[in-house]
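First, the structure itself, so that you have it in front of you.
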Amino acid sequence: MDLAFTLIRIFIFPGLLFLSILAFLFEWIDRKAYARFQNRIGPLYAGPSGILQPIADFIKLMGKEDITPKYVDALIFNNAPIFAVAIPFFASLYLPLDGSPILTSFEGDIVLLLTLMTLYTIVAFIAGWASTNRFSTVGAARAVLQFLAYEIPMFISVASVAVYVGSTSLTYISMNQPVPMILLQPIGFIVFVISMQAELERIPFDIPEAESEIVAGWLTEYCGPKLAFLRFAEDLKLVFCSGLATALFLAGGSGPILPPLVWFVLKMIFVVLLSSYIRSLFARFRIDQMVSGCWKYLIPLSILQLILTRFVGVGLRWL
Amino acid sequence: MSYYQVPIGPQHPAIKEAFQFNFILDGEVIVDVKPRLGFVHRGIEKGMELRTWTQGIFLAERICGICNVPHTTCYCLAVEKIYGIEVPERAKYLRIIINELNRIHSHLLWIGVLGMELGFHTLFMYVWRDRERVMDLVEMISGNRVTPSMNCIGGVVYDITPEMIPVIRRNLDYLEERTKYYKSVLEEDPTIRARTVDVGVLSTGKALDLCAVGPVARASNVKSDVRFDDPYTLYDTINFNLITYDTCDVWGRAMVRVDETLESINAIRQALDKMRPGPINVKVKRIPPVGEANARVEAPRGELLHYVKSDGKETPYRAKMRTPTLANIPSLCEMLKGYYIADIPAIVASIDPCYCCTERVMFIDPNKGEKWTWSYDELRNYSRKYYGVGV
Amino acid sequence: MSTFNMEFIVKDLMNAFPNKILDYKFDGARSVFISIDSGILHDVIRYLKDRYDLKHIVTITGTDLLDSIELIYHLSPLDRRILVNVKVKVSRDNPHIPSVVSLLPGAVLYEREVHDLLGVVFDGHPSLERLILPDDWPEGVYPLRKDYKVEVK
Amino acid sequence: MAMIREVFRHLFKHPVTVKYPFERTPTAERYRGKHEFYVDRCVGCGLCARECPALAIELVPSDKNVNGRIPIFYLDRCIFCAQCERICPRAAIHLTKFYELASHDRKTLLYRAV
């Protein structure tokens, strides 16, 4: 009985199915907010006020012809989308959606989640490299270059939260934050959101797939179902990153009257709206400006936050 | 050091029109550029020789989708010089108004495209939303948003009625306020400045040697504007200043275009004040006397020249047009050297290329391996048989 | 010499190149057509460039006059105030004329365009390749020549 | 970055775009759209067919007027420049404000008034 219950938990309710619905919902929220920021209506025709548009796009892409170009390294090229979808799915299972994690939680699962995200960038790189198209090789090279820039500040800002709460288990952190960490560690939150924007490859950091310069970067050769999966993987990553931000900085599911699950999703939506707001404010950076910007500003800021946490934080521990 | 060649175009999502640049790259830095044009060349100069004088106006108007008003103005000015007729004063002011409206529409369009090239989609959306005001004005005056076909040989076809003037003034005030806001955005936004300041530098000396024209030259401190130097249609009675910047880079070209939009707005206001009621065109005979003439107009992208030669027949003997973008291509190749791939769209966009202006193509069929030319009748019958329309 | 007037330029050219200037015609207040003998093209352009600062070449117009090909060099000074159009005739069967790219670097594309469409060979042009016509356009067929018939209704 | 306030304010503004098939932005009075041909006014002079830059007007035999021919309009080739409207001595052609001419079949774009 217990096995069936966990299987349902993993595959149905807060697990994969629920996460996919969340992914499509978040893409709709993101596109609708981005449109409203630009004084447009946004998705409109598919379903009530366009809420089914992401699903419609997914099905349309699935219906397209599945082409594998001749000179492509077929093995990696065809399997990359599967990895790309699997990684965020597996990572999201650790999010404490309704107070308790979907799968399990163990000491040090933050480190696992961050390495999974690093793995995603590696998948993006080999996918770009395998498609031997000039634009995608440049895009893949840029993806890795950008990854070097935003990974370090992201890790440090996550570490400073872990140091403060005194544990590296995501569920523990999200449960016992005396006060949402965004108030205690605003710098850490800003650095995390910026590097999250870079990880999701969204403007101003969508350099690896900058359509005005290198067509679609490492996604150039992909079309049909493979592209559908890659787009779906990006939505899942959005779910995971906003979930991570919520668990770490916005005290997870805890909140006054509403059940923890609703609180968690509401806070995730807040993070998505924030990311969409950033997306509509900036032009795209050049790759060298982005890397120098991260090394010159983001890393010192995150180190400062770590130092502040180490000394100032301890004083506030009795709060 | 190994170079590899990245062909950008002829089909490329970022570049709206078909042209091909072969970039010789060293890593991400551009070492050399070789342009290859001719993908949308439509044989308009040959087409002009097959059309009557009045039909030529509508062909000239379709040289470019954005700067079509200057093409018709320039063509009509050249033909009127051959006729030796003087256009009524009100028609001249109407021409100024429609030309300046076209300049505002073209410059705002370009600022949006620059935003799009830099990945700043919000600026693109806002600027194109405000540009709709200009398109609605042109539609109100001439009946068509994009190709007003306002000019005719001997003057202007549509008149501005008194009740249109307050609508025009109100929209101009709104446009002025919005353009001032976009100017402040271009000046203050760090991401835009990071991608445009000191990018695609064209020194003043190079701009003069390579005969750059329009905002590209004026951003490199070259004081050249046909409206001042060789005024046509009463531009000398309108006082507005010639904008130049000395920063010589993409940002300078952006600021020149924004300031020029503001100048155009108050040029229209002055033209509206100075306009007196009167006839708007002069009837002309169907065929002009023998002769040749050329006329120059300041199109949004630069100096535009039309040369027309008549030998007393119903169709022009020769019609030559040199569009500003063709003049700016050597300067563009010069600007691109030494910058990153990521700067290509910004630099290419900075000369506001209008490649259908530059191109006029002939009709051939490569896959059949041979070239043949069809008369208009055969072309039309073929298309009708092909679509089975009532033949 | 800020206020150029056209008569002064024509007269100055006349005595600088005795009886080589064939004729001239004013076209409006600020533009003149000057027909010259093709031999002295380079000297005239250098003369105009040095004395009147006519460094900006607007374009080169090629016209097929059935017996010969006429090339018009539209020149204008840096402040674009006037237009001096130098007309030169070239024989139709093997049109050769020295290239002016050395004097006016801006003319590099215009000469390639006239070469493409009319078949005039500019000697000394750095790279007289095809600019506009498609790659598989047959050799020797020049669309802007009058004998290239696109029949009309 | 410089547009922070402006972008945030737009979140609460009504969007400018229009839900096209359900709502339509009004067209101007002088809009040049689909032709309207008054058969009774036409005398069959053929000026419009000669003047049309896009050769989109063709004269077909008809018994409606003394010259025995009336124009038919190929809307798929027409550039809507209203030159025919201006040149017609009897004002028999007028361009209306109707612009929705998209169709799956070009035969529907042949406007034959009679």
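Order of writing sets the labels: A, B, C and D. Residues in every chain begin at 1.
FYI, a residue touches a chain if its C-beta (ideal position, glycine included) is under 8 Å from a C-beta of that chain, and two chains touch if they have at least 3 such contacts.
Nothing here was measured: the structure is a model prediction, and the numbers come from that model.
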item	value
Path length in the contact graph (chain C to chain D, fewest steps)	2
Dominant chain pairing [most C-beta pairs in contact]	B-C
Distance from the mean Cα position of chain C to that of chain B, given in whole angstrom	24
Length of the line joining the C-alpha centres of chain A and chain D, rounded to whole Å	51
Chain A and chain C, separation of their C-alpha mean positions in angstrom	63
Separation of mean Cα positions, chain B and chain A [Å, integer]	44
Per-residue overlap in chain D, given as positions that touch at least 2 other chains	1, 3, 7, 16, 55
Contacts with two or more other chains, residues of chain A listed in rising order	37-40, 280-282
Residues of chain C touching at least two other chains	153
Chain B residues touching chain C - in the complex, by the definition given at the top	37-38, 41, 43, 45-46, 50, 81, 208-211, 222-226, 229-230, 292-294, 296, 303, 305, 307, 309, 317-318, 320, 322, 326-327, 329-330, 359-362, 364, 366, 371, 373-377
Chain A residues touching chain B - in the complex, by the definition given at the top	37-40, 134, 138, 203-204, 206-207, 210-215, 280-289
Residues of chain B defined as touching chain A within the complex	4, 6, 12-14, 28, 115-123, 125-126, 129, 189, 191-192, 194-195, 340-345
Chain B partner contacts - residues on chain D that touch it in the complex	1-3, 6-7, 16, 27-32, 51, 53-55, 74, 79-83, 86, 95, 106-107, 110, 112
Chain B to chain D touching residues, read off their complex	51, 54-55, 57-59, 62, 122-123, 126, 129, 132, 136, 139-144, 147, 149, 157-158, 181, 184-185, 188-191, 376, 380, 387-390
